[in-house]
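Structure first, commentary second.
Chain nomenclature is as follows: A, B, C, D, E and F, assigned in order of appearance, with residue numbering initiated at 1 for each chain independently.
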Amino acid sequence: MNSTTNKHATRIALFAGSFDPFTRGHKDIVDRALATVADKVVIAIGINCQKKCMLTPEERAKAITAVYQDELRVSIHTYTGLTTDYAQQIGADFLLRGVRSIKDFEYERDIADVNRQLTGIETIIIFSDPTLASVSSSIVRELISYNKDVTKYLP
Amino acid sequence: MNSTTNKHATRIALFAGSFDPFTRGHKDIVDRALATVADKVVIAIGINCQKKCMLTPEERAKAITAVYQDELRVSIHTYTGLTTDYAQQIGADFLLRGVRSIKDFEYERDIADVNRQLTGIETIIIFSDPTLASVSSSIVRELISYNKDVTKYLP
Amino acid sequence: MNSTTNKHATRIALFAGSFDPFTRGHKDIVDRALATVADKVVIAIGINCQKKCMLTPEERAKAITAVYQDELRVSIHTYTGLTTDYAQQIGADFLLRGVRSIKDFEYERDIADVNRQLTGIETIIIFSDPTLASVSSSIVRELISYNKDVTKYLP
Amino acid sequence: MNSTTNKHATRIALFAGSFDPFTRGHKDIVDRALATVADKVVIAIGINCQKKCMLTPEERAKAITAVYQDELRVSIHTYTGLTTDYAQQIGADFLLRGVRSIKDFEYERDIADVNRQLTGIETIIIFSDPTLASVSSSIVRELISYNKDVTKYLP
Amino acid sequence: MNSTTNKHATRIALFAGSFDPFTRGHKDIVDRALATVADKVVIAIGINCQKKCMLTPEERAKAITAVYQDELRVSIHTYTGLTTDYAQQIGADFLLRGVRSIKDFEYERDIADVNRQLTGIETIIIFSDPTLASVSSSIVRELISYNKDVTKYLP
Amino acid sequence: MNSTTNKHATRIALFAGSFDPFTRGHKDIVDRALATVADKVVIAIGINCQKKCMLTPEERAKAITAVYQDELRVSIHTYTGLTTDYAQQIGADFLLRGVRSIKDFEYERDIADVNRQLTGIETIIIFSDPTLASVSSSIVRELISYNKDVTKYLP
């Protein structure tokens, strides 16, 4: 049992995404992972997004850092390339994903299957909180484009 | 960090079900949880099933015990009552569930939401392996009723 | 326009179900229908349910009546037979249904299609509130069977 | 009861979309809403679509106007900005949407949830007629691009 | 090419089910299979249904036989046991199934996967006609139980 | 029976797509169709794709040709225009499609319905093999863009 216990003295979850912007829905997944399955969550901002982004990676990193300034178990990084490569690079124990809907479910399942086939890495799923499930970064961006107050959707 | 680290020195996942019978699909979820998010998995056999069962709780417990005889991180129990009550009783950190399909997804999401509302306990999801996703205990039972060889579906 | 306005001076929605028991989710649909599409909602308790019921039709009617004792726009009845027959009998303008999930969606769509084919009656759908979508009467019944406090799920 | 009856003497449904082009499926939803839940339907053509459109807003407005030239309960407008803002501006009682599929269902549910959170406005759903459910404006546009006869899909 | 052509001189599709009763939806699948992929369709009535049936197997066989009395490419049989065993017994080239909905899709996919794993037999799917997709044998039975005219749903 | 048998002496399935690239999932559908419902499969590469392609039509045709160099029952072509027009041009008996997911299911159902309405042509569905269902051409393209080894996904 010793080696097992040692191995998992620190369980690292990789939570990767665009986070353009980081919403309350994202924060909820991170917080619940810390309360259950992760000793540490690495929030990794993908910076090679081909979709046009609203915020620069630096702006996104800054906003997320502000959210977790007192939470030592969360670290924020940017990355390029495949998520599975980055996961291996940082020694992540698993990928963390929130699932809001059937559409999310099928999308995440396919990505998770391919990631396992490629590198053996597992994906752990947490159901989104129902009160947050309807909000995505893209809806928040659209509201911002119409000068709407989106503070209720941001952490 | 000390208290946090201590708290999670042993992360306990509760994997509850009828397991009538325990399939390779069930075993796959347990094994992958041990490799990622759990230091210990408690397999709990619900014995108040209203659906008619093929195997007695004792037969099911015996079969699962045989599977994990050399795995010290797994323990097998039977329980009655609500799963959330049993989870609190054994100090489980979270409920563990495998999800095979859209139908499973919606079913598990509703149960997980209610469980959180009742006791705060979280549910962690692992996608079933695609090669095992089509097999359920009920299909295995039906094959057995026709005297088919189901060893490929059992661990 | 006169005839049209007259015809719809009172729009009657028929909200039929088992209501065993009537939950906050049911109440939410009725209230939102009254705020938007219905002048009057007839809550009709089907009393020929083949599934074993927890409450008698009288108990259910009494509980729902208590909820709406000050709401003149809601009336509570029991009925037997096909819902479409009852709808014609009371002169309902449409059937009202809440939809919580994909499973509900497909079930309600099929019933609504057949009802239209049989009698021409339309079905109007309101999405369940996300905070109430995971709770069904059957989950409430199960919680009650374990002596759990379900007041948060009842109106 | 008086104030209630007065308030809803005219129930206004807002049916907003791109309508590029307006199909028989769209017309079916408007007609069925008029027969059940709406005294008046405002068809609102969004003119800030970022997707490239086949028809100009004027062409679309003209085509829809021709369909409803003898229907006094329907008015056709163009609008910019958020649909919820436009709904408030015209005093709409609710948003009207047709749902054809699971994909539509999840999309509309998320939009409806956010709209309620932003302004309190409700969304009322009608299931698409099965014979029209497979046709979307985008399929019609594609058929037109191949010089196919699409009159069967247009009102 | 000779052997291949010979082998498939007669392609036999097995269309198995309860057919309690055989609906227009069932007939539509058989007819479309004959027009595309099958030289012969064997309609096989499962007679070990555990659900209580409305019609006896003989009544069902008689009704289906009447439908296809002039169609030499269709034969009607009853069977017991696993469908895959019966398929091998009659030399079926594939199982034929209609799919009406997401729920059907997942159900049929799981059965098809298991059937392939057991015996290698393939399952060929035809989408139900949208105008027939909402009608199932169970809805027809319910309508009959209320003395409704169901001739429009029967072939 | 003679004319019928003659008509279907050679059943031609049209399997149309972008095939950018042609994956093991595509090959699996072709092979299983040949084993069950088709005497001949025409693989047709659509060359008017508006999405930017990784491979030229010639490169795709060459790769697929190499896969089937010893299979006389498969022919590879490129085409422009609507798939239904091409199907009529080559005398295809039906369109062949694989379905991997709910998302695929709804997409294919809508296209199949419209195709039937336009020309009467039928679409025959085969469920993707579970081990191949998570891989799409777009995922393969993304892996290639990161210089990953994708040979396991290619035939």
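Here is the rule we use: contacts are C-beta pairs under 8 Å (C-beta built on N, C-alpha and C of every residue); 3 or more make two chains touch, one makes a residue touch a chain.
Note that the coordinates shown come from a computational prediction; the quantities given were computed from them, not determined experimentally.
**Q** Tell me which chains count as touching both chain B and chain E.
**A** C, F
**Q** Using the contact definition given at the top, which chains are in touch with both chain D and chain F?
**A** Both chain D and chain F are touched by A, E, going by the contact rule given at the top.
**Q** Would you mind working out whether chain A and chain D touch using mostly the same residue numbers, over half shared, or mostly different ones?
**A** different
**Q** Select the chain at the greatest separation from chain B, using centres from the mean of Cα atoms.
**A** Chain centre farthest from chain B's centre: D.
**Q** Greatest Cα-centroid separation from chain C: which chain?
**A** In terms of C-alpha centroids, the chain at the greatest distance from chain C is F.
**Q** If I superpose chain E onto chain F using their CA atoms, what angle of rotation comes out, to the nearest 5 degrees?
**A** A turn of 180 degrees brings the C-alpha atoms of chain E onto chain F.
**Q** Distance-wise, how many Å sit between the C-alpha centres of chain C and chain E, to the nearest whole number?
**A** One centre to the other, that is 36 Å.
**Q** Distance from the CA centroid of chain B to that of chain F, rounded to the nearest Å?
**A** Distance between chain centres: 40 Å.
**Q** CA centre of chain C versus CA centre of chain D: separation in Å?
**A** 26
**Q** Using mean C-alpha positions as chain centres, tell me how far chain A is from chain E in Å, no decimals.
**A** Measuring from centre to centre gives 46 Å for this pair.
**Q** By the touch rule stated above, which residues of chain E touch at least two different other chains?
**A** Only 102-103, 106, 109, 113, 130, 133-134 qualify.
**Q** Select the category (line, ring, star, complete, other) that matches the graph of chains linked by touching.
**A** Shape of the chain contacts: other, as it matches none of the listed patterns.
**Q** Give the pairs of chains that touch; include all such pairs.
**A** Every pair of chains meeting the touch criterion: A-B, A-C, A-D, A-F, B-C, B-E, B-F, C-D, C-E, D-E, D-F, E-F.
**Q** Residues of chain E touching chain F in their complex?
**A** Result: residues 1, 4-5, 8-11, 32, 35-39, 72-73, 93-94, 99, 102, 105-106, 108-109, 112-113, 122-127, 130 of chain E touch chain F.
**Q** Would you pull the chain C residues touching chain B in the complex into a rising list?
**A** These residues of chain C touch chain B: 101-103, 133-136, 139, 143, 146, 148, 152.
**Q** Which positions of chain E touch chain B when the two form their complex?
**A** Listed in rising order, the residues are 81-82, 85, 102-103, 106, 109-111, 113-114, 117-118.
**Q** Using the touch definition up top, name the residues of chain A that touch chain C in the complex.
**A** Its residues touching chain C are 102, 130-131, 133-134.
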